[in-house]
Structure formats: C-alpha cells, structure tokens
Amino acid sequence: MDLGIQNVSKAFGATAALRDISLAIHAGELIALLGPSGSGKTTLLRLIAGLESPTAGQVFFGDEEASGKPIQQRQVGFVFQHYALFRHMTVLENVSFGLSVRPRESRPPKREIEMRAMDLINMVQLTGLERRYPAQLSGGQRQRVALARAMAIEPKVLLLDEPFGALDAQVRKDLRHWLREIHDRTGHTTVFVTHDQEEALELADRVVVMNEGQIEQVGSPDEVYDHPAAPFVHRFIGEASELPVHLGQGQIWLGGQPTGLASDQIGLALLFFRPHQIELVDDGSPCLVGKIIASRRMAGTRRLDLLVGSGGHHVEVDVPIDHPAGQQDMLTFRPKVWTLFPENEDEAGVRRKEAREARVVYPRNRSAGPLRQYEPSCS
Amino acid sequence: MDLGIQNVSKAFGATAALRDISLAIHAGELIALLGPSGSGKTTLLRLIAGLESPTAGQVFFGDEEASGKPIQQRQVGFVFQHYALFRHMTVLENVSFGLSVRPRESRPPKREIEMRAMDLINMVQLTGLERRYPAQLSGGQRQRVALARAMAIEPKVLLLDEPFGALDAQVRKDLRHWLREIHDRTGHTTVFVTHDQEEALELADRVVVMNEGQIEQVGSPDEVYDHPAAPFVHRFIGEASELPVHLGQGQIWLGGQPTGLASDQIGLALLFFRPHQIELVDDGSPCLVGKIIASRRMAGTRRLDLLVGSGGHHVEVDVPIDHPAGQQDMLTFRPKVWTLFPENEDEAGVRRKEAREARVVYPRNRSAGPLRQYEPSCS
Amino acid sequence: MADQTISIQSATAETPLVRLVLMAIAFLFLALFLFLPLVVVVSEAFRNGVGAWFQAILDPDALASIRLTLLVAAISVPLNMVFGVAAAWAIAKFEFRGKAFLITLIDLPFSVSPVISGLVYVLLFGSGSVLGPWLKGWGIEILFAVPGITLATIFVTFPFVARELIPLMQDQGSADEEAALSLGASGWQTFLHVTLPNIRWGLLYGVLLCNARAMGEFGAVSVVSGHIRGLTDTMPLHIEILYNEYNFAAAFAVASLLVGLALVTLVLKTAIERRYAD
Amino acid sequence: MTATVQSSRWHFREPGVIPGFRLTFGFAVCYLSLVILIPLSGLVWHSSNLGWDAFWALASDPRTIAALKISFGSAVLAALINTVFGLVVAWVLVRYRFPGRRIVDAVVDLPFALPTAVAGIALATLYAPNGMIGAWLADFGFKVAFTPAGIVVALVFIGLPFIVRTVQPVLEEVDREIEEAAATLGASRLDIVRRVLLPGLLPAILTGFAMAMARGIGEYGSVIFIAGNIPYVSEIAPLLIVIRLEEFNYAAATAVGVVMLSISFLMLLIINLIQAWSRGRFGHG
Amino acid sequence: ADFTLLNVSYDPTRELYKEYNQLFIDSWNAKTGDKVTIRMSHGGSGKQARSVIDGLEADVVTLALEADINAIAEKTGKISAAWRERLPNNSAPYTSTIVFLVRKGNPKGISDWADLVRDGVEVITPNPKTSGGARWNFLAAWAWAQKAYKGDEPSVRQYVSDLFRHVPILDTGARGATTTFVRRAIGDVLLAWENEAFLALDELGEGAFEIVVPSVSIKAEPPVALVDGNVEHKGTTEIATAYLEGLYSEDGQRLAARHYYRPYQPELADPQDMTRFPDLKLVTVDDFGGWKKAQPTFFADGGIFDQIYKPER
C-alpha cells in the first residue's frame, strides 16, 4: 500500500505542529521518522492513522483520499510508544481484540480468531505467555504484544511511535533486529518514529529527518549520513563537529589560518565533519590545531575534546586507542570528509545560537570555571 | 572519603538482591556501577547512602563503620533517578533545602544559605531559573537541580542512581561531559549507577560490573573492555560475538575446522571477539567463514550478520563502509583480538542458555521463517 | 481539544448526539437527586422572607446549636485529621503485615449504621455499663453531653481524611522523603517541608469532607445527644426539633445554613485547588 | 531507627529509613481501637448476652429477615442505579467541558454534607404525591415517596458521591491511547466503551458500588422520612434496631446490629481483597 | 440560688411546656427569689425514656405513657415504684383522647371507627412500637371493636388488623404522622391526639381539616413523675416537686386546657377553652388491665401488634 502525504499542515491552536509537509511512501518500505522532540513526528504518524485530521492538505492511501475514512476502516496497525495494551485482557485477548470486534458478518469464528492470534503470538516469540496479563510482562515483551496486536488486523500499513523508546538500551538493540526481520517477512508498509538516529540508520530503508514541523531531508541512511542536506541534518545525524570558517583563494580558512582544505567558493560558511573522519597531520602542512582538553575511551577508539582556533571552538575527534595523542597537549589534524554550508554575515550569529539551543547547553565557550581557562595556542 | 563495602548481603524477603559483595572505593574516584536490570545496583547505592540497611556485612566511611550512622549524618549526596525534586519549592528552595534544615546551631544565616545555593545554581548553569518550579524545567534542567541540591550539603560522597536514565539520548550525552567536569572540579567521591555501558565507559574512572547481586569485575574502562574477566562481562560490555569452540593441537577449532587462531590449551571453550576487531582473510589460510544474512549501516562502518560454522552460529562483524563484502554472499575473516573462556561439557548447554536468557530472546538459531533457511557453506 | 478542526469523526470521542444525550442524562439525574433537594431546602428556608430567615438563625436555641456544632467539629475534625495523616503515613510509607485488614477497619465506619454508631457509645458509657457510672463518679459526663456527641461524630467521620490520603500517598511513594532525609532533614522536618506540601490538596479535601459530615451528622448524634434544647442539640437535631414544631421555615433556614456552608467550602476548595495546583 | 543487622527472620515490617513508623502506626492503631474497635466490640459483647439460640432466633425472625432484605435490596438497587448514572455523571465531568462544570463537580459531594434528616425531608417534599416530582410521577401512576421506591430514592442520594468519587479519578487517568489503540484495531465507539474502558474501570466501580451499598444498608435518618416504614414492606433494618431499642431490648437491637455489621465488614473485606488481587494482576489500583 | 431543671418530655407537649416553664420560673422566683432555668428535651416517648434509662439526668419526666415511666423505674430504680400514687389522678395532671382528623368537608364521610376499614380509606397513624400516641390509637380502636363485636376476640383482632392494613405509612412519631397527613396530603384520616388535632387545625391550615369524634375513644393519661435518683443527686428535689405540683395548680390546669389538654380539674380552666372539648365516651387503660398488662400483651416483641403484621403468605 503506497502512502501519500500532500501539503499537509496541522495546527494545535496557535502551535503549528506540521507545516506543509509532502511525502511519498512506497509499498513495503520501512520508513523512519527521525527528529528532535517536538518536531512533529508523532503528529504526522497520527495523521496517517486518522487519529488526527489535518488542518490543511491530504493523506492518500494508494490512490484514495483518506480524509473521509474513519479510523476504524483505515486498517492501519498502530503501535503506541507506551504500548497502550489493554491491561485487563490477557496477551491472547489483546491480540485477538481486533478480530473479535469486527462486525458479525466479517468476523471469523471464535476458534479461528484464537488460532490466528496464537500464530501471531508465536511469531513474536511469546508462546507460553498468552495467558499472562500485561502487568506480568517485561517491557520488551509488552512491546511485542503491542506489535502482534497491531498486526492481527492484517493492516495495510504499520505505524510505530517510538516503538523502543521506553526500553533498556540492550533490549532496544535486540528488538531492532527483530522488527527488521518481521518487516522483511510480512512486507508491510511500515513507518516508525524515533528520535534515536542510530535506530533510524540501522533499521530504515529511508529516513525522514524532521525539524520544527518540516521535513529537512528524505533519503537512505547512507544518504542522510554521508550527504546531509542541511546543517540541522548534519548535527542531528551522527556526531558532528562544526567550525565557522570563511572561504576564499581556493581554500578554507579558520580565523585567518589556512586549513589545508580546498574550496572554490567564497564567503562565510560552516565547516562540518565527523569525529572519526579525520586524519592526523604531522608533516607541518596547513591543518587544524587543537588544544586537547579531555580524552575518553569510546568502545574501539579514543575520543578527544579539542579547542580549535583563536575563537576556542569546541571540537571532537577520534584517534586510535593506542595513539600517543592521548598523552600530548596539542593535536594537528584535518577532516578527511567534510561538508560546507554557506551562511551570510547576518545569519551567522543567529545560526550558531540556534545550534546551541537545540541541544542542552553545557559549559563550552562560556565564562568562568577552571576548565575554561585554557587559551588555545595556534600553529 | 574512602568507601568500603565488606561482605555485604541484602535480602528482600526471599529475594537476594546482593550476595556477599566487597568493594573498595577510593577518595575522589568516579565509579560506575554497571549491570543489567535487577542486578542490585540501586540496592548497593542505597546501602551506601543508608537508605537500606544490609542483611549482613558492613559499610565503611573512611575507617568508620557506618551501620550506626543514620542517613542524616552520613553526608552523602544522593541523586535519585527520577530526581525526586520537591515540586512545591523553587529551584532555589530545592537547592537551599539541605542547608536550611540543619540544626540551628550549625545552620548558616539565611543570606549565606541563599548565596551558597546561588553559587551552586550558577555552577550547574541554571542561573536565571532559580525562581522556577521543577514543573517548569526540562528533564535535563531538573537533573541538574537534583545534582546541585545534593551537592549543597557538601557531601563527602556523591551517589547518583541512573542520573541520565530518564533523558533523551542527545541530552544524556551532553550531561555526561558535564558531570565529568563537575566531578573533576569538586573532587567528590562519586558513585553512579547505569545500565548503559557506553555511559559507564565514557565517564568512569573505574567500572564495577554487576550481575545477579554479585560483582563480576572491577576495573578501568579499558580493562573491562579489553580484558573482560568473565563471559558475562564480555557480553555485557561492548558488542560481542561468541562461538563455542574446542581447543587442541595448538589451535582453536570450530566444528572440526581450524580457525587459524592459536591456543595452547585443550578442551571446550567459548571464543569471544568484538565485531570491529576482525580482519578479513582472502589468502585462503584457515579462518572463519560466514554466510552473510544481513547488512546494515552503522555510523562509520557496515555491520554484517553472519551465520558461521555448521551449527549456524549467529555472529556480527564490521567491515569498512565501502567494502564489497556488502554485496557478497560469504565472508572469510579472523578475529584480531579475542578472548577464550573455557567451559566443560556439562556446563556448555546451561551457559549458552543463560546467555540467551540474559537478553531478550529473538529468533536467532531457532526454527521456521525464511531468514533461517540458509545453510551456511564452509570453506 | 477544544479548537480541533474536526473534519472526520474522532474515534475517541462520542458523536455530538451521544454527547448531548449523556450530558442530558447526567444533568437530569443530578437535578432530580441533588439540585432539586437543594432548591427545596433553600426555597423553604426563605418562604417567609429574609427577615424570618434571620430570626430563625438568630434564635438563641439556634445559635446555641450552631455553637455546639462548631465546637464538636472543631474537636473531632482535627483529631480525625491527625489520625488520617498518621494512618496514611504508616500505611503508605511502610510495608507491614495485615495492611489490607487495617485498611478495611478504617473503612468500617462508613458501613456502620449511624444508629449503631450512636448505640455503641450508649452501650459503652450508659448507666448500664461499667465505664459510664465510674466516669460519672469522677464528674465526667460522656453521654448526653459534648464528649458523647463528639465521640459519635468522630466515629462517623473517622475514615474521611485517611481514605483521601492513603491512595494519594501510596501513589507518591517515598522518594521525596528519602531525598529530604539524605539532605539531612529530620523526620519531622521531612514531614513538614516535603510530605505535607505534597499532600496538601488531598488533605484539604479530606478535612473539608470530614468537616461537612461532622456538622451534618444526624443519626448517630441523635442517639447520644439527649436532645436538650439549647444545650445538647446540634444543628441537625435542632432542625428536627423545629420541623417537629411545625416550624418548617425555621427548620429549613437552619438547614440552608448547613447547605450554604457545605457549598461554600466545596466551591472554595475547587477554586483554591484550581488556582494553586500546577 | 536502629540500623542493626537484620537476619532473614520474620519481621512485622520491612526495614527502611523513613522514620515514624512506631509513632504513626502506634497512634493510628490506638486511636482506631479507642474510637472504633472497643465500642464495636462492646456491641458484639452485648449481643452475646443473648446466647446463641436467642441470637439465632432473633436473626432468623421473619421480621428481621424481611427488614434486612429490604435494607440490602434497596441498598443494592440504589447502588446499581448510582453505578449507572454515577458513571455517566463521572464521564460527563471528566470528558466534557461546559460552563459551570467545576460547580457541578463540587456539588456532587453535597450528600456527604447535608444532614441526612434534611435530605430525607427535602426528598420527601419533592417526591410526595403532592410534591414537585411526585405529582408529576403520580400522573403516570407512579408512587415513589412512602413506598419501597422511596427508600431507593433516599439511598441514591446518599450513595451518589461514593460512585462518582471513586470512578472519576480512575477515569481521569485512563490513557487516551488505550482508546485510540482500540479504534485503530477497528473497534466502534461502543465497543471501546464496553470492552475496553468499562473493564478497566471495573475495580473502581466495584469499590464505589460496595461503599455506596455499605453506606446505604445502614442509612437511617433520610430513609425514615421518605419510606412508608410498613413492616415487611418498607421497614429497614436500622429502624428495626430503633424499634428494639424502644422496647428497651438492647440485646435484640445489638443482635440486628451485629448481623448488619458482619455482613458489611465481610463485604468491605472482600472488596479490598478483590482490589488487592486486581492490583497484583492488572497492575493498577 | 440558681437551679436548672431538665424536663424530659414527649413530642406534642412542646407548646404547653414552653409556656408553663415561663410561668413556673416567674412564680418560683417571686416566691423564693431563686433563679430557675428549665431545659426541655422532646422526642418520641419511648426514646426519651430510654435516654433517661441510659443516664440522661432528667429531674422530671413528662411522657406519653405510664409504661415508659414504669420502664425507667424498673430499669434504673431512679423513680420510686409508687410514683403513680404521689400525685393526683395517677400522676396525670392532664389527659387527652384520640380523635379523627379528616379533610375539609369529610369527603370520605368518616364518622366512626367502622368507617376506617372501608375500601379506599387510608388511615394515618404512627407506629405503636415507636410512638406513645400510636399506642393510645391502637387501644382506642381495640376498645371500640370490643364493644362493636361484643368482645369476640377474633373479630376484634380482624378489625384492628384490617385497620392497619389501611395504613400506608407508619411514621415513627405523632408529629411525623401529622406532617404526613397535613403537609404531604396523604391519607383520608389521621388518628391523632386530641391536642395534636386541634393544633393542626390552628397552625397548619385553618379550615382545611375537620375533627371527627368517634363514638368510643380512650382516655389517654400522659403521666408525669419525679426522677428521684437524679433530683436527690442534684439537690433539686424541692423545686422539681413544686414544678410537677404546679401542673395541678389553677395556672397549670388553665394552661393545659388552653393547649387542648383536658385538665384534671376542668373547673380551674377557662370555661371558654373547655367548650372546645367534645363529649365522648371514654374507656381507660384500666379497662385493659392497666399499662402493666396492656404493654406486654399488645406492644411487646411478639405481642398482638406484631401478630397482626405477621405476613399471611
């Protein structure tokens, strides 16, 4: 079942939760809606399910406009973040519910309902627990009941709102694989919401990156990771270090110093790169120089916090675990892969402010405190 | 302030939450208690704080046995997982609370209490929000109020129960740095609980890995990551692939095939290695052969799911993002770094069963389903 | 919810028709059983005009009954409040055996007939008992005096505060208290600065209900009062006396006072709660 | 608070740091004993004066049984009526916004506050054949006041807040998502209410029902004004107690009292146990 | 000196004692200079007696029935067993009787007891179990039936039984029954104390009701007694005795008549008031063997009243 969202807006009173969104979802795809809190992911999902109706625009199920279709007839399986299981029903009753409320004429006989529910319970690996009540299950098990329940109605579309948001990191990871498998096996059109980029990248065929009620980018995990279309996407997906630079003379300059990175553009820009996509430079060629202010172990590598340039810009880079940089004071390096987003003089201040506010502010280049007394020395 | 835990046990009715635990924590250390849910982390922390009393054993503060010391006199700052902020008090009042309930003779004058509270609020970067009520703060801000409140009583020991557990991934990450900084600045002895290994590794001086009420390993992040002392630790910290092997003739064998890995031991064993610590083998030398059943993007690398050996053991490995393996059917590889845990015939079954139950079970090498119809072919 | 643009029928709300019908049923029901009795009381109270109303209220016996009622409430409500807080603390903050049984005992007075509630004190302190004459020997009057009336009132209003607080405090758990203790607060400081503010609305509500019931109790008090005019008649008893004297307007005038008091406190409580609850 | 090392031996209470258990528990139990238990045990003791045979004769007297039947029957009926309409009232108060909602909400507690005698008189005034509602009903041939139906009317008034006040908070907490989930599964609004919402409210409804009923069984003040008080027809058990007292027959009065008390206590206990069970099973209170 | 007296009385005497108390206070003050406060407690006669038994410190009791005072005497010993002989007329300073109150114009044409059991007639009386007045009602009906059926006990029972089958509401007290009849407009005839009936005429609807005097009624003797145990303890014997004796004085008797009670000595009352009392044939409780016998026979648990309510089914 293809899904079409066409120029959809949704306002709650004065808040615009969605602003003129368009999106085409193909049958059988596994799509992730990724974005920070409040970006409108849930709202979009609920619009598709028919739990909300758009202020403007249309939602298509195949070629059919869905606005007139009551939620009961949309045949969407919706999995709620907190599962919304019926707690006075057993697992079996929960899963059977959708079939047992069908109108008499299309309702399968009791035995068949039970059989189909048992099949689903089997599929989500909960056989043996079908007589339990939700309160007697772990979080991960509940999540799977919720999924089985949604799938029992043979939905054309499966919608999941932060399916693993409430779970332990470890459990979350396991369930991810499992969701992917289920998807591959059943071939539903699946849309899931997450604010965890790792989850989106690992799981989805395509990722829809949302921000403030708008879609910033739609693309495969590789596309959004390797070719972010906007500073927001770069910051939000994967780890990002950014530096305000200016371009000219075929080079990228940071605070008057050449960086050794080539660019044929001119003007102000933001330089983005990922901590692990750098190379260390020790041949004296133009590069970035950072004062090492902290070093910590990250799984297979060592993560360094640097202050770079005369502005003391905070930047993170990864070096091999056994690299002597950990014991040094300064690091000279160059991004191997980087992205430039041009910006003009006026916007510059505003942008950076926004960037900072999008995350929780912690002491970076602000006043006071012993940590911030280092003055970066430049090469 | 050194902390000593000596042969401490704690039972709740029939459940043994802690079994004969001993641990020495040095003054000024930042210690992480890491373990799966129910492993007794919170219980241990509450025992130190005096919020519970041990069923057996002793807790030392410095050289002093603490059992007779009521919680009010222990001078521990405790940060609760859900903050437990006083809802009807402003940020300032929350932070001042500990000082303002001191007995009259040791209570600072009102002005001083306020000044000291403001200093702390300043330190946790909440200046300007001191008149707000907790309900008017974001999760991350509340967390910081909770910390400031705990620090106001000038604790000798700071205890934090999953300090970032309830926060967004992004916010969590930011606050981590910040906690480390605070710790470094104030020099408290700090113990924090987490079930997120990444958090523990990144933040702590030493990590205490707990499982089922017992300590499995204590060591620096590097130690527990690189030299796990038990299969549980290897599985729980970092990513692990494991294979049941047997040893003999100076080699490690998987299902009758040599792996090209040397060992001078003899008998059954479990071979552990990390997905990113492998090397691809294409010279025809003895190695592991895996059937590629899935491939997904992981930040900077590509993660492959393999079925290895005649038993069809599920194994994960990482290959470079642009490596052609993603398009192939089979992969030949060898761990670069690995660990062996010997096990005898009887235990083998039990162990593996345990391993599976420790995580949520999802369809690995079980029956049915299209995914599991591949028969791995060996070299 | 209000300004949602409803172009399709929301699945989680009733159709406007159903909503209308439900509201009509609710209003009709409330009208029949709550509002109309209220209207009767008030309209009867003012049947003979405002002057007559004041006359009825300012009658010395009426004033005496008002004083007595206030006195009884002033003793029994704080006692039950202290009990309610103590019981809720013990039940919500600790795990101990026999908790469900204790809760059932606390509920019990709800289900005891007011006639019995009075009777038990008659049995306990009446002339036929051991205790009554002994106390009388010491000059202590229980029955047919303020202590007896107070005891009966306490019995009847016993569960109100505890009932309100127990679920509330159980829901809130002990984390706040533990936090306060770890910050060095004593048990008393913890209760005063942390617990009390957390439960204030529930407490207020319980106290108001307890008070309203204390002032309105009829059956139990009737048994132990002795009905001595101007001395042991509470407002409800005085209302009965007036009614039996065919002085209907005066009876309803005093009743309207009770209703007014109850309404004012209930509405006041709602208003305060709305303003200060976050 | 002694933080001595505890072995796993039996203890009355789980150890913990929160202070004040002895004080509060001690006070609560003492006060409970003084104010409730000792007086009630006096009641039981008095009825035991009768001896078992006499007690049984009294308890099984047809008049007593009739009165108990009437009391319990009307209490059950009133509680049922309250359950249905109280549910609607709670629903309307929780789900709908309309002007004056908070006032209506506040007024629901009125029956707690109004002296029962006044309530009885007011209701009798309304429902008497010459009263506002009574006259109207009389046109249709219904008689309410001074018939057994009158008892029910009084008990509906008395019991209303119990149902509304127990259901309301639970209804407020019902997660909207539960309803949405049911809707996405194809359930009609009626199905949702009937099969999803109501079962979830059941424990609260049950509690409210039990409380309203327990209160109704014992109610005296309001009922005698509006019931006909005819033996075997509309004579309630508390009235029978009063009659026994007028005969200076304390033992008989207490015997009826003890029968009522035991039934009520048993009912409350069962309800509390059901509650505990359902909390354990469904994970809510 | 200051004295406080507590008079524990039954319901219909409120108006009488309100006035008499003032009278007594003034006269006692004039005579001795003592200040007296008199407190009243009103309620159903049986309930009032029980309160005194349970320890209500009444100086005097002025109840509806001899039986109730007997009960106090027996259960507490606070009243001398010979209390009836202490004051004239068996300690009943005033008497009353039972009459019918019917609606204006007597639409059901009720003239005597026989009419009460006609089809479609509804009779209002309180419950003899809880109301003193109602017991007089019961005995009056019984007395008429005995006469009408020439002492044939089964027929008498049948009549009384029929009578109560015509009672739709059994209020717990005389006042309640009056209210039901008058305010709720239920029933065709109210069996009432004579004084209640007159009061109803006066206070509740002049012209809305009529009094019907049956051919036979009973002489109701509401007695008064000193509670010796209490007055001795309180030191009020003298004044309480005077209080009761005052009821027999000229002033007392006149007041009783004014409040529709038949004075023991009619010659002391205002002749104007006396004209209001119709002549009628009165039996007395002594015809039933006195209260000591009548009470257990008719009204005790399992007595005749309970028997006539035994369900037939």
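Read from first to last, the chains carry the letters A, B, C, D and E; within each, the first residue is number 1.
Basically, contacts are C-beta pairs under 8 Å (C-beta built on N, C-alpha and C of every residue); 3 or more make two chains touch, one makes a residue touch a chain.
Chain-to-protein mapping (UniProt): A, B = Sulfate transport system ATP-binding protein; C = Sulfate transport system permease protein CysW; D = Sulfate transport system permease protein CysT.
Values in this document were obtained by computation on a predicted structure and should not be read as measured data.
The minimum number of touch steps separating chain C from chain D is 1. Ranking all chains by how far their C-alpha centres lie from the centre of chain A, first place goes to E. Look at where the CA atoms of chain C average out and do the same for chain E: the two points lie 38 Å apart. Centre-to-centre spacing of chain B and chain D amounts to 52 Å, using the average Cα coordinate of each chain.
We define each chain's centre as the mean of its Cα atoms; on that basis chain B and chain E are separated by 89 Å. Chain A and chain C have Cα centroids separated by 54 Å.
Among the residues of chain B, those in touch with two or more other chains are 50-51, 71. Each of residues 53, 75, 176, 183 in chain E touches at least two other chains. Residues of chain C in contact with at least two other chains: 11-12, 128, 178, 181, 186, 243.
The part of chain E that touches chain D in the complex is made up of residues 44, 46-47, 49-50, 53, 71, 75, 127, 129-130, 167-172, 176, 180, 183-186, 299-301, 306, 309-311.
Against chain A, the residues of chain D that register as touching in their complex are 175, 177-178, 180-188, 191, 195-196, 199-200, 202, 280-284. By the touch criterion stated above, chain B contacts chain D in their complex at residues 11-13, 50-56, 67-71. Listing the residues of chain C that touch chain B in their complex gives 175-176, 178-186, 189, 193-194, 197-198, 278.
Against chain C, in their complex, chain B makes its touches with residues 49-51, 71-78, 80, 82, 84-89, 97-98, 101-102, 133, 135, 149-150, 152-153.
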